Structures are given as structure tokens and as C-alpha cells.
């Protein structure tokens, strides 16, 4: 149920990005799908895991198509910003869930801790990265100076730590989601931005 | 033979896109190759199939190099638009063939119908998507409001339906290609565009 | 040791590209990592090889993180151009090493010569291609009219030739690296550019 909300939030952020770029119906559904399932798919390709989430649960693909049809029918330009704001919180929860889940899968595959954390972060972040690449933007996760991937990274380490302390699986997952989502929520509430890199002088290139 | 025409049409569309962006000889051949083989390669990575088409039939890589050399030697800027127009029809046929073939392969791998149709569509469309990403454009398949991926999608379902009715393989493939290519031909002849999404008001963002 | 220099050169070129685009700390480390390990990872996905280099040697990921922290702390805008110039030579050596290694791995997997050479070239070039895609640029390897991929291509064939003549492995690798790096060094010293494609007339599109 919470997971469904997370996938929905990711898909909606894809829909909004695609609508802003005036993509057509095909673009809307592809970008929504890439945002929702892209991170997990990249992780599974890297880990050589099959079947993918969206192959095992093909009903999600139907849900995505239905969501796109609804969006085309009912969404108007004035809805875009409110939609994005409304999805921020489910998105933060989704990011935590995707991180914890991705890290746990990679740990279970026997990978070193740093690689597992990286896989968790990829699961959480690469959907949005693919969305931005297809929309011909520099990925927001790499350029907006707001902590997003860093929260996922911290959440992944929380899971690794809990795992090393032999916490039961549900506790490890809970700690991880709480860390990632909590940090993100804190950053959203306080408007924290990452310290800027020192190169503020313009360069002639 | 028809398949060779299709690959050639895809490669030429890559060459024209690369030439318009003033890429160099390396860029021309890479973009031509990505356009021609990218869709099938993405499908094979997702399905975990090896060897790839272009590994099994490495002669195609030589053909591609020869095509690039020919293009660099003989193609001039005034040829670009006519080349693109001339490749529209083989491209429509190639799209149908790639769709039918990709869907059949995925069905044979025991995937659910919607996933198989998706794989067929990816086979047909993602070569062009990769071409546009490398050329730093929003993929035309997602933004030009002309049905392309939708024709592939319909063609994929035609194959699934024929398969479910236990049609022989050649008949299923034929129906699928006819549906995808026929719809695309109809759209090209009539200049049909997808209904625009309702957000015509500009948004302050 | 030489290999470490090569990976370092690739990572630094990613850091500089990311800094020029004003990416944040996350973007700096991701782009540095993609540039350094992207080519080998794409090759390994295509060849279905696991574990990846950076999974087997996870210490490299730590080194990358340390490098990013150092860059954020000490690098200033006025350092960017000198850094790029200073990495040109290790980059040329790295390109040769990655080519030779990638081609040898693909030959060992029993692939045809042209596919093996292609894999070697992908290993050497695709890190930079992914860097440019994420930075929302047309890949320099395809558009700057300087031979880079072509040097890798030639180096790959040198390895194939040495292999066919039953040269011992170290000799084949040496010939390959010397060819690729030597050609690149010659192009850098002489400022050679690829002959331009004939389409110099502007086109109305």
C-alpha cells in the first residue's frame, strides 16, 4: 500500500516533467514508467537479476497506462505545480523504501557494503535520472544542490549497520527507511542546500 | 532481404540525424549503429539474451562501416532531407518487422502479454530514442505527436491476439507487421497527429 | 600503477566536466564514477560478465569518494583548464590500456574479431560518452573531429592481429596499447583533425 503510493509518486513526477516538456501521450507514459521503474531496472541489470519487478507484477504496467490516460484527460497546465508539491512527501517515502529494498537485495547477493549501498542509491535515484536524460535536462539529483541521493546513501548505510548488528530484517528496513526519508523530510522542511563548490568565479573556458 | 532494407533505413535515419548535428565520422557510424541495432540490443539486455543480433551476424557491422564511408564520401547537406523522406517507407516496414519479431521473442520467453508487447515496442522504438539522446534532442518518438510507438504497440497486440488464436507463426507475424506498418502508413499519408494534451495555457513554472 | 593513473585521469576528466556544469557534490562523484567505470560496465553488461570491476575491487569506489571530497575542498574554477590539460596524457595511456584489456576480454569470450574490437573501443570511449550525456552535451568523442575512438579502434585491431600471429599475451597487449596511445599522442601533438564531412553548406532543415 505504501509502496503503491511511492510508485505512484514517482510516476506522477515523471508525468509532470513530461507534460512540462510538451511530450505527447507516448512520451508521458514512457517517462512516467521510466521514472517509476527505471531505478529498479538499472539495479537489476547491474545485478543480473531477472525477472524485473514490472515483469513479475505486470499489473503495474496497466496501472501506469491508466494513470497516463487519466492525466491526459484531466490534467491541465495549472495542475502541474500543485501535483509536484503534493507528490513531494510520497516521493520522500518512496525514496526511502526503494533505498532500503535495493540495499537489502544487493547485500543478499553477497556484495560488499559500499556496492550494496550504491545499488540502493541507484534504485532510489536513477528513475529520476533517466527521466531527466530523456527530457534533455541535466539530472536534478546531480545539480539542484538539495540532498536527495545523499539521503538515500545515508539510508543505505543505516541498513548495512543494522544488518551488521544482526537486527531482524524488518527492523533493519525500518531504520533504513526512517533515516533516508527522515533526512529528506528535514532537508525539505528547512530548505537546506549542499555547500557550494568553491568555483564561483566564472571561467573563460 | 526486407529485413536488410529495414536495418538500412534505420541506419540511414541515424546517419542523417548525426550529419545534421555535424558529428564527425566516428559519430556518424556510432549513431547509425545505435539507431539500427539499439532497440534490439536494449530488448536483449532486458531479456538477458545472448548473443546479440550484431554479434551473431557480425557482417552487419562491416556493412554499417561501409555505409558510413559511403555517406561521408557522397552525402552532401542537400541530400539530407530527401534521404530522410526516402527512408520513411522502409522505416515503417522496419518498424513493423522489429515489432513483430521482438514481441514473438518475448512471448517465446514466457513473458506476460503486456510485457511482450512492450518488448516489441522497445525493439522498434528505442533505436531512435538512443539516436536522439546521443544527439542531445528530446526523442522524437515521445514528442512529435505522430503515432509511431503506438503503431508498434498495436502491432504487438495483433501478434498476441493471433498467437492466442493459435494462428501459425508466419500468419501471426504477418498480421502483426501489417497492423503496425499499415497504421503507420495511414498516419503518414493522412498527416494524423495525436490529440494534444490539454495544457495549452503557458505555465509560469 | 599505470592503470590507477588511467582510472584517475578518467575520473578527473569527469570531475572537470561536472564542475563546469556546476553540478553539486553528488553530481561530481557520479559523473567522475561514470567516466572512470562506465565504459567497462557497459562492456560487461553487453558481454554478460559479472562481477563488475568496481564490485570486485570496491576499494576503487572509496578512492573515488575521497577524490571527490578533495576536489570539492581544493579545486577552484581557475584549476579546471590546467587539470584537463594535465590529464590528457594519462588519459591517452588509459585509453590504450582500456582498449587492449577490453578487446582481449572479448576475444577470450570467443567473439568475432570485429565485435571484440568494438568492445575494446566501447570500454575506452563509453565512459566519456556517458559523462557527456549526463552533462547534457553531444558526446565529444562523436563530434570534436579529433581521433579518439579511431585510435582505440586501431589499437583493438593491433591486438587482434598480434593474437592471430600467436604472439604471447603481454606482447599483444603491449602492441595494442602502443598503437592506440601512440596514435592518440601523435594526434594530440600535431593537432590533427578528421577530414570534415562534405556538408558544409547550411541546410534549411
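We just call them A, B and C in the order they show up, numbering each chain from 1.
Keep in mind that, in the parts below, a residue touches a chain if its C-beta (ideal position, glycine included) is under 8 Å from a C-beta of that chain, and two chains touch if they have at least 3 such contacts.
All values derive from a computational prediction rather than experimental measurement.
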- [ ] If every chain is a node and every touching pair an edge, decide which shape results: line, ring, star, complete or other.
- [x] complete
Task: Fitting chain A to chain B on CA atoms, where both chains share a sequence, rotation angle to nearest 5 degrees - done: 120
TODO: Quick one: report the Å distance separating chain B from chain C, using the average Cα coordinate of each chain.
DONE: 29
Task: Residue list for chain B, restricted to those that touch at least two other chains - done: 45, 48, 133, 136
TODO: Using the touch definition up top, name the residues of chain A that touch chain C in the complex.
DONE: 45-46, 48, 111-112, 114-115, 118, 129, 133, 136-139, 141-145, 147-150, 194-203, 205
Open item on the list: So in the complex, the part of chain B that touches chain C is made up of which residues?
Closed with: 18-28, 30-31, 41, 45, 48, 50-52, 54-55, 58, 61-62, 72-73, 75-78, 80-81, 133-136
